[in-house]
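Just below sit the structures, each encoded as structure tokens.
In the two assemblies presented below, subunit A is common to both, partnered first by subunit B and then by subunit C.
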Partner chain A sequence: MTALFFKEWIKLRLIWGLILAGNAAFCLYLFLDMRQQFRIEHAEMLYYQASRIGRLFYADLQYVPALTGAALAVAQFAPEMAKGRLRLSMHLPISLDGLILIHLTIGLIGLGVILAFDLAALAATVGTFFPGAFVHSALATAAPWMLAGVAAYLGGVLVLLEPCRPLQVVNLAVAGGLVTLCHLSTRFNGADHALPGLALMVGLLLPAVLLPARRFRDGGR
Partner chain B sequence: MLCLTPRFAFAALVMLVLAIAVPAAYTLVFGVEVAPTQLFYSPVRKAFVFREHHGAHDFIYADQHGERFDRRTFETQIPFIYYRNMDLWGLLPITLDGQTFDAVTMRDTRQILELAPREIRDRRPEIDVYPLLEANPGRARLQFPEDVFRMTADAMEFLNVDTNTVDTDLTTRFTMALTAAGFAFPAGLVAGKPTILKPLDEGYFLVDAAGAVFHVKRVDGRPQVVRTPIPTDLGIRHIKVSETRSRAFYGLLLTDDARLFLITYDAYRLVPLPVESYDPDRMAYKLLLNPMQATAVFGDEAMIHAVAMTRDFQPFDRYARPVPGTADMVYARLARWLFPYTVHLDEHNGGYLTWRLTDHGWTGVAGIGIALLTLLAVERWRRSPWRAQWPKLVLVVAGGLFGLLACLLLPERRAID
Partner chain C sequence: MADQPAIEVDHLSHYYGRRVIYQDLSFTVPPGRIFGLLGKNGVGKTTLIKLLMGFLPPAGGRCRVLGEPSHALTPATKRRIGLVFEGHLAYDFMTIAQAERFTAAWYPTWRRDVFYDLVDRLGLPYSHRIRNMSEGQRSQVVLGLVMAQDPDLLILDDYTMGLDAGYRRLFLDYLVHYARTGAKTVLVTSHVVQDLERLVDDVVFLRRGGDVLQTSLPAFMGAFRHYRLPARSDGVAPSPGSVLHGVEREPDGTVSVFAFHDADAVSAELGRQGVDPAGLTAIPMTLEDAFIGYTGKY
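The block that comes next holds the complex of A and B.
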């Protein structure tokens, strides 16, 4: 198991670092953009826009987690599927489900670190200009976007592991549907009540990923 | 069973996504929008008049007795609503019951108050930070102050918006003024209209920990706090403040048991409004005021109700009629057969995305039967062994068309799965 972690770390560290750097650059942009707004506009108007009109100053962040999740899935599983390299790992003395779940654990830890960084940066940015209530609201508003990141990662794996093209399209539609549901709300705290149900649906992706993995092992049957 | 788990998880996921997406796509392609019925009391006709939409461009204008008229005639029946058109058509001033009204009088004496479910405090998200406007701005328009306040466990705390730091001086002054008036922290409800797009500012109504209602304003930079005589045991759910130049009513007060009151400028006296058949979680309540009478109108997707009242809010006539809606249209009837239920994830009557399940009763069950027969036909054509089909049967029984589609989209199960 340690060897698998090590193998995945060696494979992912460069691209993971690049994705993290990309997220950091985006968060810096988010901070500078909000600082610029406070420079050119009266603060009381920005408070009004944020709390009453419902303007989300950090709305640009919403698709970043999904892109991050999808990129990480491709970085981790595209090389495994190229020329069927995953089959080599299948010779290890570990069950197929165990093998895939270890891969997913590594990917989810990597994704979790990046998403936690995004949330921390969001809290720091909003907290610099607004009081605590706005920070809590921003974190709750961004929660379904983070969930979309997990859905995009697991959905990406679901698509990549599937050996049959038409079923890849089905898996892509399911993953896309889930990511879309996570982005349905356009207002702050709008998804607070929907989050448990969305989390449950995204949670179903975890065991579902084992299905295409088994089909891959069995040669696409 | 364990070896079924990935298939079950995937099938359940596909079915859930389909249960949301397919009815939404169906409605997008075949759905018909029907505008809500508009119902008024006509001071001209002394009867209720309405505009009813039956889809496309089919509008009916009529009164409660069934007499139909054209759009222009309809508008002349409710002159306090369409006073500007009446003025353009040269029909003003108008004399009703011995009183004569011109356009200016009509404009200044009419008022509309509305409380929609999505406005109620517990049905929408809110960031509990508010601007307290200067009620005497000394200029033509209201303007936002450079501070906001929030109610903490023991203070009305002001923050400077430029520095995002606590303004100790303002915090102390307003907290002391509240405490001196008998305010018991923490606050239970903060109700105001934090916008400068209104003619004047009446500050905020604060409900304290004991249920007492306090009225707080900023006048010439100083706190003005009034402990109102509104009963503490009312069980206040929401207060909607609605400032107008007429200065007759501060707004509407809704209680936990769905009673609705007007808060008057006359020593904060509460005027009870008719609420029979009113459900604040489903219905928007509209109160139309003019110098002759008041009309309360409220309803949902099925029925609309109206109560006509004298100017001192004594009901003298009531009327209710079904809303045409879309339920009887062909596409809606077909949807009830096709889909056993619909999963909605939307902002229904509120500001939060919520999960809702709409079941379609016996027609939905019949739809499940049709889906089952379709599945059996497909599997017979595929010459699939019957024993291997029970998980699919379970899926179709649970999801009807959605389950059937999930079965067709799922890869065929191998013995090794």
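The block that comes next holds the complex of A and C.
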């Protein structure tokens, strides 16, 4: 297990660092954009827009986690699929399911750190300009977007591992559908009640990834 | 346990769609032998290697490696098998040192000295990334990684791919020494048949449809003969059958005849077919000649 962490760290550290830097740059943009709005508008007016009209000052963030998840999936699994290199790992003295689940755990940890950074930056940005109640609301509003990041990661892996082209299209549709579901509401706390159901559906992608991995091992059958 | 075959292929069948690759293919590889798997393109060598490596489930029959079904190898058995994939597949984002550190973690009997003995011949710093190596250099790193595992069984799928004569010889010499001194079992395929003459104890010839001949290399080279008939104006050539295994018309008009029989039996068969056996001459042959004679040019 430690050896797989070592391998994935070597493979991913540069691209993971770049993705984190990209997220940090976006969070900085979000902060500067909000600060600019508070400079040119009265704070009361912006509070009113947020609390009464329902304007989301951080709506630009919503697709960033999904893009992050998809990018991480590609960075982690595209090199494994190139020339069928995953077969090298499949011959390691470890079960296939164990091998794939450890890879996914590593990817999800990497993704989790970036998404946690995004949430922390969102909380800090909103907390800097808005009263405390808005921070909790912002985190709840952004939670399904973060879930979309996980769905994009697991869905990306599902698509990349799938050796059968028609099933790859089906997997893409399933993953895309889940990511879309996570973005259906752009209202404050809009997905609060749907969150457990969404999390369950996204969680189901985890065991689902084992199926294309087995098909890949079996020569695409 | 010691007498258990390293590889057992028993009534194996496999298909791609409706295309039959094998039907009823059977052979065994005893432990401690070096086995060459020979066959023309498209006869299913790579498919067989994939079946043995567990990357394809057999459509029928049994395929056992070190006593376990090849498609359900336990981690303990995988640890005893070293695989060299076609094209010397490696984690090319790693450096030499990283590849050694990563692979060593999986094998309790890891032989670091074996790995670096081979890799040091390349004269590269250990920080050299595998993706920046030539095919030949990468092949040495891959061979070093597999040998350092100290496996009981090595399976090498076309190790010659992309290697020039120098690297092929280096790879081969090292492999022969390693396998002989360690009493390892080796199953190897290669497109460069003459290399195998220096390496293998036994050969398995695969022909289309799964027709298979398993024999020791000396027995095969001793029994299989190459004869030549001079060019004839009538253009009559014999047909292959029970006595004449293969017949090839050469560009200069002569006819090559391959058979598992001596010159008298071949002459008699030629006579039976109405072909004058006068001038029939035995020709010495290499393994490559024998391979072509046995499997045919086309």
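The definition used in the following text is that the second predicted complex is superposed on the first by the 221 of 221 C-alpha atoms of A that agree within 3 Å, B and C clash if a C-alpha of one lies under 4 Å from a C-alpha of the other, contacts with A are read in each partner's own complex, and residues count from 1 in each chain.
Definition applied: a residue touches a chain if its C-beta (ideal position, glycine included) is under 8 Å from a C-beta of that chain, and two chains touch if they have at least 3 such contacts.
Remember, it's a predicted structure, so these values are computed and weren't measured experimentally.
Report for A:Met34: first if it touches subunit B alone, second if subunit C alone, otherwise both or neither.
A:Met34: touches no partner chain.
What is the contact status of A:Lys7 with respect to subunit B (first) and subunit C (second): first, second, both, or neither?
In the superposition, A:Lys7 contacts subunit C only.
Quick one: classify A:Asp218 as touching subunit B (first), subunit C (second), both or neither.
both
Of the two partner chains, subunit B (first) and subunit C (second), which one does A:Val179 touch, if any: first, second, both, or neither?
Neither: A:Val179 stays clear of subunit B and subunit C.
Is A:Ala151 touching the first partner subunit B, the second partner subunit C, both, or neither of them?
After superposing on A, A:Ala151 lies clear of both subunit B and subunit C.
For A:Ile114, select first, second, both or neither according to whether it touches subunit B, subunit C, the two together, or no partner.
In the superposed model, A:Ile114 contacts neither subunit B nor subunit C.
Could you look at A:Ser51 and tell me whether it touches subunit B, subunit C, both or neither (first, second, both, neither)?
first
By residue count, is subunit A touched more by subunit B or by subunit C?
Counting contacted residues of subunit A, the larger count belongs to B.
In the superposed arrangement, does A:Arg87 touch subunit B (first), subunit C (second), both or neither?
second
List the residues of subunit A that touch subunit B in one complex and subunit C in the other.
218, 221
What does subunit C use to touch subunit A in their complex?
50, 53-57, 75-76, 78-79, 81, 83, 85, 87, 89-91, 93-94, 98, 101-102, 105-107
Could you pull out which subunit B residues touch subunit A in their complex?
5-10, 12-14, 16-17, 20-21, 125-131, 144-146, 148, 150, 159, 161-162, 164, 194-195, 345-347, 351-355, 409, 411, 414, 416-417
Within their complex, state which residues of subunit A touch subunit B.
Against subunit B, the touching part of subunit A is residues 42-48, 50-52, 128-131, 133-134, 137, 164, 167, 170, 173-174, 177-178, 181, 184-185, 187-194, 197, 201, 204-211, 214-215, 218, 221.
Mind listing the subunit A positions that touch subunit C in their complex?
Listed in rising order, the residues are 2-3, 6-7, 10-11, 79, 83-85, 87-88, 90-95, 217-219, 221.
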